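What follows is chain A paired twice: with chain B in the first complex and chain C in the second.
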Partner chain A sequence: MSDAVLETGLGSRRLTSADGARRLFGARLGQRVARRAAAAGWLLIVPAVALPVWIVGSERGWLAQQILPRPADVLHTFGEMVASGELAQHAGISLLRVLFGFAVGSGAALVLGSAMGLSRRVDEYVRPLFTAIAQVPALAWIPLAMLLLGIGETLKIVVIAKAAFVPVVMNTSAGIANVPRSLVEVGESFRFTPLQMLRHVVLPGAVPPIFTGLRYGLTHAWIALVSVELLASSEGLGYLLVWGRQMFWLDTVLVAMIVIGVIGFVSDKILAVVETRLQRWRTDGV
Partner chain B sequence: MASDSIDPAPSAAAFRRGLVLPLVLLAAWEVGSHSGLVNPQFLPPLEKVGQVAWQELRNGELTFALATSLKRDLLGFALGSGVGIVIGLLLGLSSVADRIFTTWFNGLKQIALLAWIPLISLWFGFDETAKIVFIGLAAAIPVILNTVEGVRATSTRLLEVGDIFKFNRLQFVWSIYLPSATPSLLTGLHLGLIYAWLATIGAEYFMAAGPGIGGLIISGRERFEMALVLLGIVVVGLVGFCVDRGASWLERRLVSWRTV
Partner chain C sequence: MSVAVERSDFEVAARASARGRLDVYGVSKSFAVNGTQIDALQDMSLHVAAGEFVALLGPSGCGKSTLLRLIAGLDSDYHGSIQQDGAVVTGTSLARGIVFQEPRLFPWATVRQNIALGLKNAPISEAAKRDSVAAHISLVGLDGFAEAYPHQLSGGMAQRAAIARGLVNRPRLLLLDEPFGALDALTRARLQTELQRIWAHEQITMMLVTHDVDEAVFLGDRVVVLAPRPGRISRIFDIAVDRPRERSNDQLIRIRNEVLRTLEHGGEGSAPAGTARSVR
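Here is the complex of A and B:
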């Protein structure tokens, strides 16, 4: 195992240094454009095969409308839902719920996770209960939460917050607890005050893993949003899915799925970019 | 993990500390539900939950629900992991397949798993087939990702050995790529098992009601029987825990032959 890991580690380092060299010696822009174009060409093969089959298939009625609507219909539905503002409204509600739930859940998690990372004692008190709660997926908590909280907005926020809470606590506590002992000792020998220790030793070491936790937290929050909206909602993207299924409007279902995918993809990409920045900042700092 | 082996085993004091919060919580629960501070319909006393659990166990409903869910879970997992390994090998070994499909796969992966349920239920109906397809989809994703990763990480030295022996393609896959991808593949299967269990609950929530642990929870909610819901949640957590531990154990045993 270690062999394979080492091997790829070396491989990727070689690759990055080669990339750097290429950048240094006047980027071969033409080459890069050509490579991009080739990659795009390969990517187009799937739609180039699938779309005609889909179009011809649905025109000739190989598949019922309820099984696979015509691409034109899906596009049309998409256009209509955009024009009427319906899509923006549902997506906006879902986004607000996620942001609010994520803020509550990750905020609480940062506090608890830091306490667990900084104090062994707190960790010993809280960890078993936390593990037990984390063991049960958000999905299983939803019916319980529905009985306790009803099906209003509170339910959604609580479920989403719980989903974000778990990974953020785990990564924050681990990130802080795993700050290298040697660095802490250096700080101690400089007689750092607790605040200085936090600013110069603990945070630089712990911010990247904490951020990884936040990224997972957002992903989990998004998934929890879809589950809770599927189970109990009259607005939002998850509701669009349920509604489309009940009416056998597959075009609506597909539009909602694509929007859910795109939002999930974009938000994760943004956080991934920030994460690599932070990683670089840490290595530069050390 | 590494720090665990260096640290002394968790002391008895740490264990006692860990018990404090759960015990306080349970005590507050008992007091709350008996003193009438909390509506017992919201928070049934613990003995009531125990009683319901015993009753469900006695009349065989719980065992039946659990067996149904587990069967579904394993069928879906078998389907998903089988298909996942094949797709993973394809994407990992063939640069053409990789260039054509990987980006699309990564895009589809972004769609939250449960969002597939309406589509799958429209395509496959609302019964067992649709549930198993959905569970299979959930299991396949991590299996594909980890198979690809494992195959790609195959050491070039091993491949050179294969060249020397003039292996054919099948021999390369069977004797070099698969063994060397095994640890990563097992990680994928482990994750696949966890996802499959989650998907089992999801499928039982959203597709046709029927026997199963997810169905048990949903019917508990509909009948406002908090004790039943709580029982279901505990079972879901316990099964998840056992699946995870069992898979970790198997993984360790299976990889132990790799001394490298």
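Here is the complex of A and C:
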């Protein structure tokens, strides 16, 4: 930090352009790349240990083939399922459900969370009910929701939306309510209208917690999807898990698990990238 | 005398009449802290001439920052009356700028954007706004840092940006709430000199809250010494020293010592010096 800090001496030692500043900010790019590489190295430690254990264990028959198939078999099944289009079909259906449910749930949550963060009165009216609903996990809503909505797409969307809704509301309302009073006062001194205050002070200040909420929401949506597909579906990755287990095709089960994990990981990363983009002011002048 | 000179004289006079006169009439303010009532300000009256530089000096708890917030219009829960140029202060106004102890820059906006936000509701064209922002960045010596984000600035640079933001609306009155309190001694001295230059250049009324005696005496036309519990004016010193001032000026040092004695004795008991007059 300190190397980017430079005091201009009362204009006498003024920098002629932004070049000086830019040079200082760029100097740490190399360090950052090195740090990233190191972090990636740590990430790979667990797979690097687990995979050989799996290979050796399945070759030596520590567990029955039906329970723990060989990695090669799983890979083969994966290849077959990709080639037949079966995997893409199930994954596509699951992805669509999550995207739709997440969009509905987080969209509604942004509206409600903002209202709760901006208005103490709305917060007082809504929060007890919200907390009560939030305390019952999405999974526990499924039996009741099934009776009300049947086992069609509506059920899945509602359950997924509910799962995404809760963390987004909590983080949005807290994020907006906790925008520093000191910065709001600056806006007041400039006679900001309520809309200007929202646009220039409240929303930018609340972006970090809102994004934390959205990332939690997406994770919860994905978990809820698998749950609801396990219980009430005839397609999708969750269904693939149940079906594979019933048939004792553990290779199929493992393929589904890995695909679920990878999609969840990638979607979280995508949100993380969007978050970084929106908060360029936190990183160095990139 | 040429016509051109006459006109410029007229303009100076017109501008002088538009500068911010400030009148504080019998202002009292109390807070409830844990059930007990604390009198932050008690029956305070103060009259500041247009273009004057007044320093409010006092120990912590004497209500000096509270008074500044009332004048700024950030808090309207008080008794008494505050008027700027004869109009009662109700809420904030673009005619009064304020610079806080912390820079309070929006961390997500660049220096340029931060200063431009000050002009959001100014009744001038976009082009005039752009020019004004650029001029104020230069005024505080931040050329080359317009596109920097606050976290890339040192404390002194951030406070310069905050001063530029406080000035960008061309307020008639600039309120400064211990703006240099968090800075190192060297940077503080530089910015004090800089502020004196800006004040002379802009010809606006400035009111500075500080607990630094040297700063108050160096910058002020008058130094208003406050006493705590309840917050009230204990003495007012006239600093009749020509500008630009030197810190080593004998007269300044004499007044400074007198102010220090007043502070040590809580504003009572010390003999009034020739340049000082007692109030109440």
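Quick note on the criterion: the second predicted complex is superposed on the first by the 213 of 286 C-alpha atoms of A that agree within 3 Å, B and C clash if a C-alpha of one lies under 4 Å from a C-alpha of the other, contacts with A are read in each partner's own complex, and residues count from 1 in each chain.
As a working rule, a contact is a pair of C-beta atoms (placed from the backbone, for glycine too) under 8 Å apart; a residue touches a chain by one contact, two chains touch by 3 or more.
Everything quoted here is computed from the prediction, not taken from an experiment.
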Which superposed partner A:Leu99 touches (first chain B, second chain C, both, neither): neither
Touching partner for A:Pro204 - first (chain B), second (chain C), both, neither: second
Residues of chain A touched, compared between chain B and chain C (which is higher): B
Which superposed partner A:Leu149 touches (first chain B, second chain C, both, neither): neither
Touching partner for A:Leu183 - first (chain B), second (chain C), both, neither: second
Contacts of A:Gln279 with chain B and chain C, given as first, second, both or neither: second
Touched partner set for A:Gly264, first chain B, second chain C, both or neither: first
Touched partner set for A:Phe192, first chain B, second chain C, both or neither: second
Overlap of the chain B and chain C footprints on chain A, listed as residue numbers: 1, 4-5, 7-8
Chain A contact footprint on chain C (complex, rising order): 72-74, 92-94, 96-98, 100, 102, 104, 106-110, 117-118, 120-121, 141-154, 156-157, 169, 187, 190, 193-194
Sites on chain B touched by chain A in the complex: 3, 10, 13-14, 17-22, 25, 42, 99-101, 103-104, 107-108, 110-119, 121-123, 152-156, 180, 183, 198, 201-202, 205-206, 217-218, 220-221, 224, 226, 229-230, 232-234, 236-237, 240-241, 255, 258, 260
Touch list for chain A against partner chain C, complex: 1, 4-11, 14-21, 25, 182-183, 185-186, 188-193, 196, 200-201, 204-205, 207, 279, 281-282, 284-285
Interface residues, chain A side, partner chain B - complex: 1-5, 7-8, 39, 42-43, 45-46, 66-67, 121, 124-129, 132, 135-137, 139-141, 143-144, 146-148, 178, 222-223, 225-227, 230-231, 238, 241-242, 244-245, 248, 250, 253-254, 256-258, 260-262, 264-265, 268
